């Protein structure tokens, strides 16, 4: 192999050492950083200060669990066929976190980061450009998403309620739509200086946690097979001979 | 739909409320539980006490990052082709967490939980039955895995070093193999009373966090395309006409 | 990079040539081999003769479509969240083809190939060893799976009904269970000389074809969102306050 | 469950019947349709006539194998960690078939179908709108992609070389870029009357076939572990202490 040098700064190990982002894993990380802090370390290269830790953990915790979503159904239906491969059931559940659901976090963070890239944003111009603003609107939580309220409260407490939060709130008011949790998290990711390109990943890692919960519940109290039977019966009823 | 009742206890929401495992998400969870605690809540139905939180977070943090593993390579190579679908790159990276790598955590937890299901375990009989004991041996970290040392230290501090830890250590000594991090975590999961069926999931959720880190690094400093070119050139060199 | 030489014999390309398994793709494959033949070429290194082509295509075609299975539901529910990533919806649908459903093809092929590895198989000894014989039994198609009947008919026509088919039929008779389609295909794969390690893959490639059909139907006449709403309502009904 | 009626027309089964798209699977499909024909049946609701079968099979066969691509690497690296879950290795390999690689087929088909939705297309206007036209350009195959040449030859033979093919060729000439295989297949899909929303799926199903070939080769002559070791060594060389 030749050409461009391959290089990663995330971690390395030798016989007796394991180092992540420049920190000794056993000595400086285990027992010191919680799982959210570790995510922050991975994404920024440094451990969070206490206010950052509080806010960042709240952001990711927000998206862990939201009941029996399509994502949870996928994990459960996959586990039904391959219980020996729990990792595949979690992975399956993550695959639908695209443009319709969790992906809007990325859109909101990108919008925030681009809007301020050249000074104060021109909101009227922005609204003209976006047919749908990511992070606005919610089918159920309206006019207010209680997660947004609480996240911005924590942001104020920790000193991270700033221009990106205000910006998203103004746009939501202008559009008369709920600023949903993904919009709030997109803005807060910018307040914390995160790269918008990893923001969808906050939702993905959070949901991976929640999906393990769903799979454990499925193992104990299954619903996947019953759902399958009901849907299959109903969906093909118009095709089958009258009496089976 | 008829038949068996569908039922999930994990979460529900109405217009103004979101409840997870019986706790109000905005009021009782956000700002109070970190991401590891939230995982504990999902898997056990209750928030961890402080010693449990410390130990459980250390266990999952252990497996977040281990450098450029096959799992990280998969995430990066997937992102190369579908950068618009970060969730698919993370999911891809999780798919290889099977019997060879992370799956041994599940095996170790199952072994521990079965060994004590009918009183004191008969270690000689167990060793006769298992050709390969899950959680033992490591290609690099030998004779000691520094993560195991540290995790058991935290277990002692928090009061969770108990019979399952001793059991795995005795088996490792008997087999003259390293008790690796997955074996230690399997035992500790039993000390915390977790169901062995979710233990592989601890590694899966941890790795989801680490993979987002790899994808962000790939977005900034790519290596996937270079790897592809090198491998493709070398692998087909014996087939191609002499001078291209 | 050093160490072991990387080597693949499957395909290569230069500016003006694309060669697969030693055959010129445009000149010798396109217009000459159908999709099933191409799969046969990939797995054996040679194009099938006409009888092999007929039998092999029938085997894979068998597993393309079986109505609204868990696998189809997963693809549809994934597409609901990420319609921009059809590939992820197909991939999601494949993830559940594990030990419970399609994986039994692999088990049956492995059983057949091992049973004859040292002369005539001792059926009594085999049955004593296997608690569950892969490829036997079907929840719906009993006492006879009509796909097995037809596949063995084609095998007779093409001259590939042989010792592996007879072996599986004897075992099914002994156990008084249906020889299902996956058991028949496992046996036929051995008749064709395929390596048992790729046999689960026949079901996987077939299902990939069928899942594209389901996703197209979902795009035109969706059911995923309705399923989600129904399941979510029912599953959390016992948790929600009386009147929402 | 209530609300919208769930309905699927793809397939159904009873104790002794399995019907796909209105055809009896054992009696009318097995032994009569090859795997490509079966895909055509799934996507259009009818079996292809002989010229359609020849063209459609050539289109999907084109994308089965292209050497050691990122997609093949992902499948191999996934199999390394989870050899018990071949389906997950195939699924992993499909996940990268996004906007960069195979997704352009969908884009080309969509472009073709929209361009003619209101009479003759205005090519200058179209080119002004698209920064990058999907299906044009290839890093290796230039100025001509030999697959396109052959596919259009088969299209002429079978009577399906028409306005969509001419349209894509004019655009390629205008942009002075190769009309690559994905652009040709996108146009041909429109000639056959396929819905553009399933066109990416042609590449996905084809690649599923090819990936099973790669996994079988990996089982026999592995390269994944060697690639991992090389990349890991090189990528972290700048971080590790001088002598390990």
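By written order: A, B, C and D. Residues from 1 in each chain.
As a working rule, a contact is a pair of C-beta atoms (placed from the backbone, for glycine too) under 8 Å apart; a residue touches a chain by one contact, two chains touch by 3 or more.
Just so it is clear, the structure is predicted and the values come from calculations on it, not from any experiment.
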>> Counting hops between chains that touch, how far apart are chain A and chain D?
In response: 1
>> Per the definition at the top, count C-beta pairs in contact and tell me whether B-D or B-C has more.
In response: B-D
>> What rotation angle takes the CA atoms of chain A onto those of chain C? Round to the nearest 5 degrees.
In response: 180
> Distance from the CA centroid of chain B to that of chain D, rounded to the nearest Å?
Replying inline: 34
>> On a C-alpha centroid basis, what's the spacing between chain C and chain D, in Å?
In response: 19
>> How many angstrom lie between the centres of chain B and chain C, each centre taken as the mean Cα position?
In response: 30
> Hey, what residues on chain B touch two or more of the other chains?
Replying inline: 1, 6-9, 11-12, 14-15, 67-68, 82, 84-85, 87-88, 91-92, 95-98, 102-103, 223, 227, 230-231, 234-236
> Should the pattern of chain-chain touching be classed as line, ring, star, complete or other?
Replying inline: complete
>> Please output the residues of chain C touching chain B within their complex, sorted ascending.
In response: 1, 5-9, 11-12, 14-15, 19, 82, 84-85, 87-88, 91, 95, 230-231, 234-236, 238-241, 244
>> Considering only the defined contacts, which chain A positions touch chain C in the complex?
In response: 1, 67-71, 73-74, 77-85, 88-89, 91-92, 95-103, 223-225, 227-228, 231-232, 235-236
> In the complex formed with chain C, which residues of chain D make contact?
Replying inline: 1-4, 6-18, 20-21, 25-27, 29-31, 33-39, 42-43, 53-54, 57-58, 60-62, 64-68, 72, 85-88, 90-92, 94-98, 102-103, 106, 140-142, 144, 146-147, 149-151, 153-154, 157, 195, 197-198, 200-202, 204-206, 208-210, 212-217, 219-221, 223, 226-227, 229-230, 234
